[in-house]
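Two complexes, one shared chain (chain A), two partners (chain B, chain C).
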Partner chain A sequence: MFQTSERPKAGVTLVELLIGTAILAVILGIVSRWFFMQREYQQRLSRVSEIQEDFRRASWNMIQELQMARVIIWPRINADKSLHSDTKLVFKDFNGQIISYYHESATRQIRRCVIPNGPGGVVINPRPIGEGIASASFTASSFDNRLISFHLSSGGVHALDAVYLLNGD
Partner chain B sequence: MTRRRGIALFLVLALVAVFVPVLLYLSQTGSSQVRQAMKFHEVQQSESVALSGTNSGLCRLRGNLTGLQQLSNLLLGDTSYDLTLKPTGQGVVLQNLYHLFSRCALGRHSYILMSDAEQLQPDPDPPVMVISHDTWNTVEPYDINLAADVTAMENLRGQDLLGFEATKNYERGKTPAQYESDLLAKQSSLPQELKADWSSIAGVLKEEKLQF
Partner chain C sequence: MNRRAVSFVEIVIALGILIVCMVPVLTMFGSAGRAVLKSQNLGFAIGFAHRISQHLLAMPFESVTEVPLPGQPVADGPDDEFFNPVSNFGTTGANALRITKAQTPDLWAFLRKYEFRYALIVNNVNFAAGDRMKCVGIIITWKEGGKDLLYKLYTYVPDI
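What follows is the complex of A and B.
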């Protein structure tokens, strides 16, 4: 005369627990992957924006002075009419002074110096006119030496701009 | 059976309690990234359009546009900008002086750039020369009330012209050999990046030295 107990078992079985954990792990995996992708995207976006900001600041500084300048001295179109690019630019500004912009690859900066067209020593600006720039090149683009284009690049981001000098000799 | 259902309900509620804040946080993070991207986009676009507006205004001056102008709602692509050309008087050679304002507003970002421009008269063909002076040399937005004094700007222009006279006189007063020699003497104090090509650069300067 045995009597079997029909009472339901309390709690969860190991299998149920494992299934629950597996589902949780899958959901967390998907969500965290999405989260890290978003974070990476945000960092990349910020980085690109910062580089573009650096480019625009450098371009602005250069364009403001260049469009008032009188003549490009260096680089110039080669004798065989091919384009000539260089990491430095030399021109005469509105006052007739000799100005140079040059790229310092070690500091990733574009610097400016004034070479007096007259008595006096060379003055290098204490502050750079462009920062965070991995490479910069200036290209002579016209035979009258009044059109200069410049290419800036950093971290896979590029900027290309050109200036026409408004004033002649 | 009731107890088991209770545990299941508890687990579901616990999961909801954990996931709802997590998802809320993630969605906020996502939307803040979008906001940030939009902000960057607006800052960049408004600034570059205002800058292009300044150049466009200078071109208009070159094209003999004169007088008081309120040129609003001009378009660069889909983005509008406003130009304001404000005459500030006449210079010593009777050239017209202007303040050229270029404004672009996108979202909460507004850029106003000011340029000081001179238009030389009479109107020749091809168009007249325009000289602009970036008075503030800044890309920061500013309040128009902070505009520098007009007299100070005109003095700046005067200084520029006097400086140009001085360099012209210096060049004219030297023989080509003296001029080149003076330039080459400066080689030692040049930055390293310029030294290598300096003799070629001095050669070009000598070739184009102003004569009498």
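What follows is the complex of A and C.
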């Protein structure tokens, strides 16, 4: 007579497989959620970094010209000697030209133009001096019209800086 | 041929190894983010220090006085000629805006979050007889991830 002796095969049962799959699903769920959160965070940081770069470029462009300027024409201190702010800045540069920086909220840019002393039209620079700036304000901060503070902001990022004009008029 | 399948214990061990391998990859994101954050706050502090240095040049010589550490907070700070009032779009002092939760909430929230402060260390110096000059150390401090961070800038204020 033949006797069949079958050895039990080592392997996973359906229950073990299901438990394994469930554990894997939970782990993947946690990891993927964390991954997407991190990706969102990275994107936000990348945006912040870009905004800061925009601020640095705009500040550098303005400070370089302003510190050699002669006098701030607008904005000026209020009659009661309090500060006065505007989104436009007008000043006389080292060569006596009248220059204006102004913020365009529609394009999120700070533009520069030359205002003629006599007849002729305003000459706007083709390239903006600052881009990606949601709001900009220039504040007259001293009685002698030589100190101008500015505040740039965009997407919750801010820059507070100031320039003291080295040359008096 | 002896075909042996994977056991449940092996699956769990494999998953454990997978998690251990993924942890360093995922923490890499976090450390890159912290570096960007640090550069953001440092960039802000540099602008702050420059702003103070420019304001010092416009101030009367005798008004340049020490602000001892731990320094003056920028958000909710006093009227100090450096940061408060920060702007004024009106024609009288009554319209001046200060860095407070009510008047500039966005800027206030940022400055409060990192507890930005400034301190001034003032020393009288003279390079020649009759010179009157002050050497001012501008110290900007802020908190980041439980650490106290600092940026320092020295400037000279002459008596003109």
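Rule of thumb we're sticking to: the second predicted complex is superposed on the first by the 152 of 169 C-alpha atoms of A that agree within 3 Å, B and C clash if a C-alpha of one lies under 4 Å from a C-alpha of the other, contacts with A are read in each partner's own complex, and residues count from 1 in each chain.
FYI, a contact is a pair of C-beta atoms (placed from the backbone, for glycine too) under 8 Å apart; a residue touches a chain by one contact, two chains touch by 3 or more.
Note that the structure is predicted; figures quoted are calculated from it, not measured.
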| item | value |
| --- | --- |
| Overlay on chain A: chain C relative to chain B, clash or fit | clash |
| Touched partner set for A:T107, first chain B, second chain C, both or neither | neither |
| First (chain B), second (chain C), both or neither touched by A:V90 | first |
| Chain B versus chain C as contact partner of A:N117, first or second or both or neither | first |
| First (chain B), second (chain C), both or neither touched by A:R56 | both |
| A:N125 touches, of chain B and chain C: first, second, both or neither? | neither |
| Which of chain B and chain C A:G20 touches, first, second, both or neither | both |
| Which of chain B and chain C A:V71 touches, first, second, both or neither | first |
| Contact residues of chain A, present in both the chain B and the chain C interface | 10-12, 20, 24, 27, 31, 34-35, 38-39, 41-42, 45-46, 49, 52, 56, 86 |
| Of all residues in chain B, those that touch chain A in their complex | 1, 3-4, 7, 11, 15, 19, 22-23, 26, 29-30, 33, 36-37, 40, 44, 47-48, 51, 58, 129-134, 137, 139, 160, 163-164, 166-168, 170-171, 183, 186, 189-191, 193-194, 197, 200-201, 204-205, 208, 210 |
| Residues of chain A that touch chain C when the two form their complex | 9-12, 16, 19-20, 23-24, 27, 31, 34-35, 38-39, 41-42, 45-46, 48-49, 52, 55-56, 59, 78-86, 137, 139, 141-142, 144, 146-147, 149, 151, 153, 156-164 |
| Complex interface listing, chain C residues touching chain A | 4-8, 11-12, 15, 18-19, 22, 26, 29-30, 32-33, 36-37, 39-40, 43-44, 47-48, 50-51, 54-55, 57-58, 81, 83, 85-93, 95-96, 106-107, 110 |
| List of chain A residues in touch with chain B within their complex | 8, 10-12, 20, 24, 27, 31, 34-35, 38-39, 41-42, 45-46, 49, 52-53, 56-57, 60-61, 64, 67-68, 71, 73-74, 76, 86-88, 90, 94-98, 100, 102-104, 111, 113, 115, 117-119, 121-122, 124, 166-167, 169 |
